[in-house]
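Just so it is clear, A, B, C and D label the chains in written order, and each chain counts residues from 1 on its own.
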Amino acid sequence: MPHITKKYNFIAEFFDIDSMGVMWHGNYVRYMEAARCRFLDEVGFSYLKMKEAGFALPVVKLDCKYIAPIEFNKQFCIEVELLEFECFFRLGYRFVNMNGARLCQAHTSQVAILLESKETCLYLPSEFRESLSAFINHAK
Amino acid sequence: MPHITKKYNFIAEFFDIDSMGVMWHGNYVRYMEAARCRFLDEVGFSYLKMKEAGFALPVVKLDCKYIAPIEFNKQFCIEVELLEFECFFRLGYRFVNMNGARLCQAHTSQVAILLESKETCLYLPSEFRESLSAFINHAK
Amino acid sequence: MPHITKKYNFIAEFFDIDSMGVMWHGNYVRYMEAARCRFLDEVGFSYLKMKEAGFALPVVKLDCKYIAPIEFNKQFCIEVELLEFECFFRLGYRFVNMNGARLCQAHTSQVAILLESKETCLYLPSEFRESLSAFINHAK
Amino acid sequence: MPHITKKYNFIAEFFDIDSMGVMWHGNYVRYMEAARCRFLDEVGFSYLKMKEAGFALPVVKLDCKYIAPIEFNKQFCIEVELLEFECFFRLGYRFVNMNGARLCQAHTSQVAILLESKETCLYLPSEFRESLSAFINHAK
């Protein structure tokens, strides 16, 4: 699979910061979700389109490695990398600061669930996989 | 209307605390929601029962006055007071510490919305008002 | 006082949306904080500068009136208006959608607290008031 | 190391639930933190005591496997298991419903950082390790 990454910038808000003066580790998951939604918008297959297509994409696995803290009002970038989209929709997230230094490395895995039957799909819906393939080809 | 109050205890969690070492003001709204749900459970008319009855109860007004800070791992109590339930479902919230000192004073107003038509009800559904009346009479 | 407003755009994220399909009312407070920080950055007096100047600016009052819901992935704008900066730092927030329709109207009041003595200031520190005056004059 | 587990009960709050009607995956991290704090309170070494002892315990690694969804107002239990406390303070979290069915499996790793020098400790402070050993021996 060709190497596809997209970058999204964010700012650490006051309510993200814990009593140690750094972003609380649980709040990184919010920014991963925000970056993932921007990515899916670029692909042309947002959660809203998935709903219309009759499926949802719940997160079934998550891992994060925290490398360096993020402070209040500091800008940071999340580089989203598409890792897999056959059975699982799998993304990598590389948080870097404005000098390119790594702050956090994370991954999510999502599966498709049919909204009507609540069944888990063995493969991601073909419509979604085709959109991702077209996105990759276009990005080349 | 007779004076009805119910008390619910909570603990300030690590993720509630901001970089000034006190509960972030926006997080009080979460505890107000938690206390309101406990109260509605006691009334016997949870959000789930409302859904079955075909309506929702969105918050249309909120005000908070912050009096003294809440620190990490400190227990606090929210005294929920039923203020009105005709057109609006109106509650008062008095946050106190374990010595009874006031920490915050707040109010919410909610209206009923029919789930099917999305219309706002001029009066709260009679089923809900009757449950609240019965709850008050029982508490007397 | 001259009429000063500044506008900031946001997007309703997936984690902002509750089970009724609209932004949970408590999450508006997060966006008010984000807008307030952008505004203070423009003034040139961020929370970090306040810390250096020896004071903090806790929210002591908050009110919100929710007018129309905000849905997932929808852009919205917060118009921040400076209302007062003598004893209280008071801001108004007008949430509007991309067609200019009002979604929410809110206010916050903040007081200055000296970091060392924990005393509440009767007046906002003169340094801060001067920055706000200069900002207003410059915006005219 | 002897097998030590402690159980803590929680309720899924309205603001935990996303537009798919289940707890948003990022909110599990909040409950893991709450359970961890209860556990450290039982050990007798809360974050407050750590601060007095001159260190903090930031999370450096996190992984979650989501097995079954958690719905609004449903009670659930987190079984916290102490896995390691030499270089890393490592805990396992098993979310189960009231029938004992597994909902989520997660782990966190934390390291000690000296508050003054900001240095990462190669080993957890001996004071902390001794408290954990005593806790294990007492639990046997």
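The working rule: a contact is a pair of C-beta atoms (placed from the backbone, for glycine too) under 8 Å apart; a residue touches a chain by one contact, two chains touch by 3 or more.
This structure is a prediction, so every number in the text was calculated from the model and none was measured.
Across A-B and A-C, the chain pair carrying more C-beta contacts is A-C. Taking the CA centroid of chain C as reference, the farthest chain centroid is that of D. Chain B and chain C have CA centres that are 25 Å apart.
Remark: chain A and chain B have CA centroids separated by 34 Å (rounded to whole angstrom).
The geometric centre of chain A is 29 Å away from that of chain C, both derived from CA atoms.
The multi-chain contact residues of chain C, meaning those touching 2 or more other chains, are 14-15, 26, 30, 33, 72.
Residues of chain D touching chain B in their complex: 13-15, 30, 33-34, 37, 41, 46-48, 72-73. Within the complex formed with chain A, the residues of chain B that make contact are 14-15, 17-19, 21, 24, 26, 72.
Of all residues in chain A, only 20, 22, 25-26, 29-30, 33, 56, 58-66, 69 touch chain D in the complex they form.
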